[in-house]
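Input: a single structure, listed below in C-alpha cells.
Each chain gets a letter, A, B, C and D, in the order it is written, and its residues are counted from 1.
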Amino acid sequence: MINAAVFGAGRIGKVHTHNAAGLPGVALRYVVDVNPAAASELAGTYGAKPATIEAALGDPEVHAVVIATSTDTHADLIQQAAAAGKAIFCEKPVDLALERARVCAEAVTRAGVLCGIGFQRRFDPTFAALKTRLDAGEIGEPETLLITSRDPGPPPVSYIKVSGGIYKDMLIHDFDIFRWILEDEAISIHATGSCLVDPAIGEAVTIRTRKGRLCQINTTRRAAYGYDQRFEVLGSAGMLQAGNPRPTEVTASTKRSVSTDIPEPLFFDRYRVAFAAEMKYFFDAVGSGKSARTDIHDGVKALELAEAATLSWHEQRVVELDV
Amino acid sequence: MINAAVFGAGRIGKVHTHNAAGLPGVALRYVVDVNPAAASELAGTYGAKPATIEAALGDPEVHAVVIATSTDTHADLIQQAAAAGKAIFCEKPVDLALERARVCAEAVTRAGVLCGIGFQRRFDPTFAALKTRLDAGEIGEPETLLITSRDPGPPPVSYIKVSGGIYKDMLIHDFDIFRWILEDEAISIHATGSCLVDPAIGEAVTIRTRKGRLCQINTTRRAAYGYDQRFEVLGSAGMLQAGNPRPTEVTASTKRSVSTDIPEPLFFDRYRVAFAAEMKYFFDAVGSGKSARTDIHDGVKALELAEAATLSWHEQRVVELDV
Amino acid sequence: MINAAVFGAGRIGKVHTHNAAGLPGVALRYVVDVNPAAASELAGTYGAKPATIEAALGDPEVHAVVIATSTDTHADLIQQAAAAGKAIFCEKPVDLALERARVCAEAVTRAGVLCGIGFQRRFDPTFAALKTRLDAGEIGEPETLLITSRDPGPPPVSYIKVSGGIYKDMLIHDFDIFRWILEDEAISIHATGSCLVDPAIGEAVTIRTRKGRLCQINTTRRAAYGYDQRFEVLGSAGMLQAGNPRPTEVTASTKRSVSTDIPEPLFFDRYRVAFAAEMKYFFDAVGSGKSARTDIHDGVKALELAEAATLSWHEQRVVELDV
Amino acid sequence: MINAAVFGAGRIGKVHTHNAAGLPGVALRYVVDVNPAAASELAGTYGAKPATIEAALGDPEVHAVVIATSTDTHADLIQQAAAAGKAIFCEKPVDLALERARVCAEAVTRAGVLCGIGFQRRFDPTFAALKTRLDAGEIGEPETLLITSRDPGPPPVSYIKVSGGIYKDMLIHDFDIFRWILEDEAISIHATGSCLVDPAIGEAVTIRTRKGRLCQINTTRRAAYGYDQRFEVLGSAGMLQAGNPRPTEVTASTKRSVSTDIPEPLFFDRYRVAFAAEMKYFFDAVGSGKSARTDIHDGVKALELAEAATLSWHEQRVVELDV
C-alpha cells in the first residue's frame, strides 16, 4: 500500500485527490491546505486527515506527495519533499523563475526521488496513441509539428497577473508536447502576437530544432467554440493528426447545415481521462520504480522555452537557444 | 465520327444533349421534340437540326439515338429505333407496364443493337468506386445492403400522377443499384409505407436474395436537408459506405456547433458528373462495340421489382419472385 | 444511505457492483451468487458480504437489489424482491417467456416497488442527447427510424443456445430503442434473415407504428470492424444521427488512405459510460422516488416485439400486433 | 462575341484553352507558342489558328489574351498586350523580379486595360465559399489565419532552378490567399525552414498585419498523401476551415481502420473546377467591364511578400515591410 499526501485542496487538488483515492493500492493519508477548513473537508470525503506540511512530510510512512498548491509554493514544497525522500508529483510549472526551477531539479536529482510534473496532455488517449503510432514509424521520420492550442475563455485577471504570461501559463503545455512528440530540442524560437497578459488575438510561435525540424504553435485565450487543442505531425511517409474529443456523436442535418458537437467546453471534461491516467501512472511508477513520463527536467526544459519565447516576443526577434 | 439524334428537348434531354455534344468523336445531328420550337432551340445551341422521328430514324448516317422523352413514349421509340438498327440510350423506366418493357427487350435483342438504360447512379464516382472496391474483395463476401434514397421535395403532382407510383418512379433506381451492387436476384420482397403517390412519410422495402443476402431500402420524397442518397454494404470482412458529395468542404465552428454543408440540394448538381460519365460511356460503347453498363434487361428487372413492391404494398404481404 | 444487494457475480454483475459501490450515498451490503467463492471475492473487493438470496432479501435494511444473474432466474428473483418490498434493477430480458414476464410485471405493480430494466443504451451519452434534441423539436415530427445493431462476434454457442434467439437476446435492445425514441407502438412487424441462432448474415426487421411511422432494423453478430450501433431518425424538418464513439481522435493520412479508429471493439468499453449512468440513475430514483427510465412494462413490451419478430421469421409473413 | 488569343500551348495553356473555348460568347482565334507545331495542334483542336505574337496582338478584333507562357516572358507580353489595348489574363507570377512586375503594373494602369492574374485558388469552390461566409460576418472579426500548403512531390529540378525558390514559386499562392482572406497587409514577416530550392522538410512563415492579426503558413514539397491545401480562419465568434476535396465519398471500415480517400493526388484534378471558374470569371469581366478578382496589383503584392520571405530566410531575421 502506498501512503500519499495531497498538498492543495483547490480545483486541481480535488481532481488529483479523487483520482488518487480511487486507485487500488493507494491510501490517501493527509490533505494539506493553507485553508484548514478546505483541507478538512476534502480529507473527510476520502477518509484522510488534514495535516500541516511538516506533519505530512514528517510521517515516515508517507511515500508520495501530490503538489497542487499555487505556483509560487511549488519550488519550496518540491525541495522539502525531496529532502524528506518522498516521491513527488507536482503540477506545472515547477516555478515561474527558471533559475529556481533548476535549483529544484538539482534537489530532486540529489535526493534521487521520483518527480513527475503535471503535463497531463501526455496522458490524453488521443495524444498518447498518436505518439505510440509515430514511434512505431507509421509516418516515417517526423518533419513538421503544428500545434493548435486554444482556450475558450481567459482565466480570471487575478490569475493572469501572477501566471507569468501566456507562454509560461498556457503554452508551457505545448512546449512540453513539442519536446515529447519530436524528441528533439529547440535551437531557435520566434514568438509574436498581440499581448502577453490580456485575452487577445493570440500568439504565433515558430521553433527550429537541432535535427532541422519545424514546429509552429498558434494560440488564443478565446476560441468561441470550446477547448481546441489539436496537433498534427507531418512525416516523410504521411501525417498523423490528433483531434478534439466531442461530448457526443450526434449529427444533425437540417435545411441549413450538417452539424456535430463542439469540443468539450470545460477544461476538466476535456482532460478528465488524462488526469486519471496521469495519477495512475504516477502511483504505478512509485510502486514499480519506473520513471515518470514527464520528469522535473522536462519541466525545466519547457520553462526554458517559455522564457525564450517571452524574450523573443519582447524584443521582436528570433532567439537562439544554447544546445 | 458517331452521328447522334436526341429525342426529347426537356430538362433531362438538355442535359444529355449538352454532354453528348461535348464528346470528341460525336456529332449531334438531330433534336426531336413534340414541341418544334423547343427542338429548334436546343438543336441550334449545339449546331444540330430539328427533325421528325421518321427523319431522324430514317437517316442511315445516324448511328445512335438518345431517348429522353416522356415515359409513355419510350417503348415505341425503342422499338422503332431498334428496327432501324440504331444504338439506343433510353431514360428509365423502359415503360410503366412490365409486359410492354419485355416486348421492348425482345425487340432490342432481335435487332442486336446496343441499348443502355439511364440508371445514371451506376456512373456516380462514389458509387462506381465502391463497386470496384467491392469486386476487388476489399470487404470479403457482401452480406447486407442498406440503401437510403431520399429526395428533398416531391415532384409536381402532375408528374406523380403519371409516374406509376414511388416504386416505379423513384425506387426503380434503387432496385437497379441493388442488382448491380450485389450481382444477385430477389427471391422475395416486402414493401410497406404510408402512401404510394403522395409525398409522405416514406416507404421501407426489404429484399431477400437467392444467395441468402438481405437488402433494406428506405425512402422519402421530402428530406429537409437535400438529396440524401447513400448506401452501405456489409461484408464478411468489413463495410463499404457510399456517402453524399457536398458542394464545398467548409467547416464552421461556432458557439453552437461544428457544421458542414448539406448535400447538394438539386438533382442535376447531385448527379452532374454521373450524367456526363453515363453519356461518355454510352458513346464509347457505340464506338468500341463494348456492352452497356445497364442494358434493357436490367431495365426490365428493375421494373419487375417495382411491380412486386407495388403488389406487396397493396396486399400488405411478402411477395415471392420467380427466379 | 441506500443499502444494496447485488445478485450475480459474473461479468455484468461485476460491472454493476463496481458502479454501484462508487456512488455517494450507496452502501453495498451483500453479493449473492450460486458460486459462493465468486460472491465472496466480489463482495470482499467492495467491502460487502456474501449472502444467500434469503438473507439478502430478508434484511429489512436492504433497500435495493441489482439482479445480474442468468436469465432463467430473473423472474423468480424479481417476484421475491418485489414481495420483500425492495427496489429492483434487473438485467434484460425480464424472461424469455412473455407470459412469465407479464406475471413479473403484475407482481411489481402490486408491490408498488421501483423496477428498472437494464436497457443501458438509453443511458449512452450520444443516444440520450439525440433523444433530448428530438424531444425539443429540432427535426420536427419523427417519421422514420433506422437502427444498425451489429456485434463484432457471436457470443459462445453455450450462451446462444439458451439466449432465446437473436431477437430476444440481441435485438431486444433495439426494440426498446424503437419504443423509447419514437414514443410509439408497433402495429405490424416483419422479420426476415438467415438464421435465428447461428452467427450468420443477419436479420432485417421492419416495424409499422400506430402513428404511421416506420422503423427498419438491421443486425448481424459479426461486424469485422467492431461494435457498430448507430441509429438515425428522419423527421419532417431534418435528421438526427447517433454514431459510434471511437477510442481516440487520431487521423492518419498515408499514400493509401485517410483513416481513423474503428469503433470500440469490446462491449464493456462501448457502453462503459452508459453502464455507470444507468446505475447512478437507478439509485437516484431509489433515493428520490422518481420513476425508472426503463421500467418492467418496457421490458415486457420489448419482449412482445421479440416474440412477434420470431413468429414473423418462422412463418415468413407480416405479423400484426394487438394495440 | 469576345475574340481571344492564348499565348503558350503547354500544360497550363491547354487547360486555359479548353476552358476558354467552352465558354458561350468566347471565340478562340489564335494560339501562340514558341513551338509552332504545339501551337498548330492546340489551335486545331479548338478551331483556332496558330499565330505569331505580333499577328495576334496586331489583330484589332482580338479583345483578350491569355498568357500561359514561361515565367520569364510574362512581363514582356503583359506590356505588349497592354500597349495593344487587350484585356489580359496572365498566369502567376507576374515576374520573378519585383521591379519588373511593378513596371508591368504601371503599364497596365496606364493602358487602362483589365488584367487578371492566375491565382486560381480564389476560384476554388470551398475557398470562395469560406471567403463569402467570412465577409458575411459568420465568425465575427478574423484574427488568425493558418494556411497549410503542401504538394505531393517536387516539380522537376529544371523547373525549380528557374522558379525563383519556394516562396516565389509555391508560397506566392498562399501570400495571395492571405491578402484576399484577411483584406489586410503584412507589416512584418518571418520565414524559416530547411532549404529554398530542394524538396525538403519545409518552410514556416509568420506574418503580422497592420490590423494586428497573425498568419502562419506551413509548406512542404512532399506530402505523401496528396495535395493538401487547407486553411482556417479563427475569428472572434468562431472558426471557418477550408478542407481538401476528395475524389469520392467512399468510407471503408475493416478490422484495422475506418478510411476515406486521400485528397486529389494531381494538381489539375485538385483545381479543375477552380481553373474553369477562373476563366469564366475573366471573360465575364471582359464582357461586362467588372474588375478582376485578382489584378496585377495583387500579383505585385504577393511578389513583395515572397521577396520579403526570401530575405527573412536568408538573414534569419524578422523583416519589416513598408506599409
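Please note the rule applied: a residue touches a chain if its C-beta (ideal position, glycine included) is under 8 Å from a C-beta of that chain, and two chains touch if they have at least 3 such contacts.
Because the structure is a prediction, the values reported are computed rather than measured.
**Student:** Mind listing the chains that sit against chain A and also against chain D?
**Tutor:** Per touch definition, common to chain A and chain D: B, C.
**Student:** What is the chain whose Cα centre is as far as it gets from that of chain C?
**Tutor:** Centroid comparison gives D as the farthest chain from chain C.
**Student:** Between chain B and chain C, what's the gap in Å when you average each chain's C-alpha atoms?
**Tutor:** 42
**Student:** What whole-Å value do you get for the distance between chain A and chain C if each is reduced to the mean of its CA atoms?
**Tutor:** Chain centres of chain A and chain C, defined by C-alpha means, are spaced 39 Å apart.
**Student:** Provide the C-alpha centroid distance between chain A and chain B, rounded to the nearest whole angstrom.
**Tutor:** 58
**Student:** What are the residue numbers in chain B that touch two or more other chains?
**Tutor:** Within chain B, residues 139, 224-225, 228, 237-239, 252-255 contact more than one other chain.
**Student:** Which of the residues in chain C come into contact with chain B in the complex?
**Tutor:** Residues 139-140, 143-144, 146, 148, 150, 188, 190, 192-194, 201-204, 206, 208, 212-214, 216, 218, 220, 222-225, 228, 234-239, 316-318 of chain C touch chain B in their complex.
**Student:** Which residues of chain A touch chain B in their complex?
**Tutor:** It comes out as residues 224-225, 228, 252-262.
**Student:** Flag every residue of chain D that touches chain B in the complex, lowest number first.
**Tutor:** Of all residues in chain D, those touching chain B are 22, 125-126, 129-130, 133, 138-139, 237-245, 247-255.
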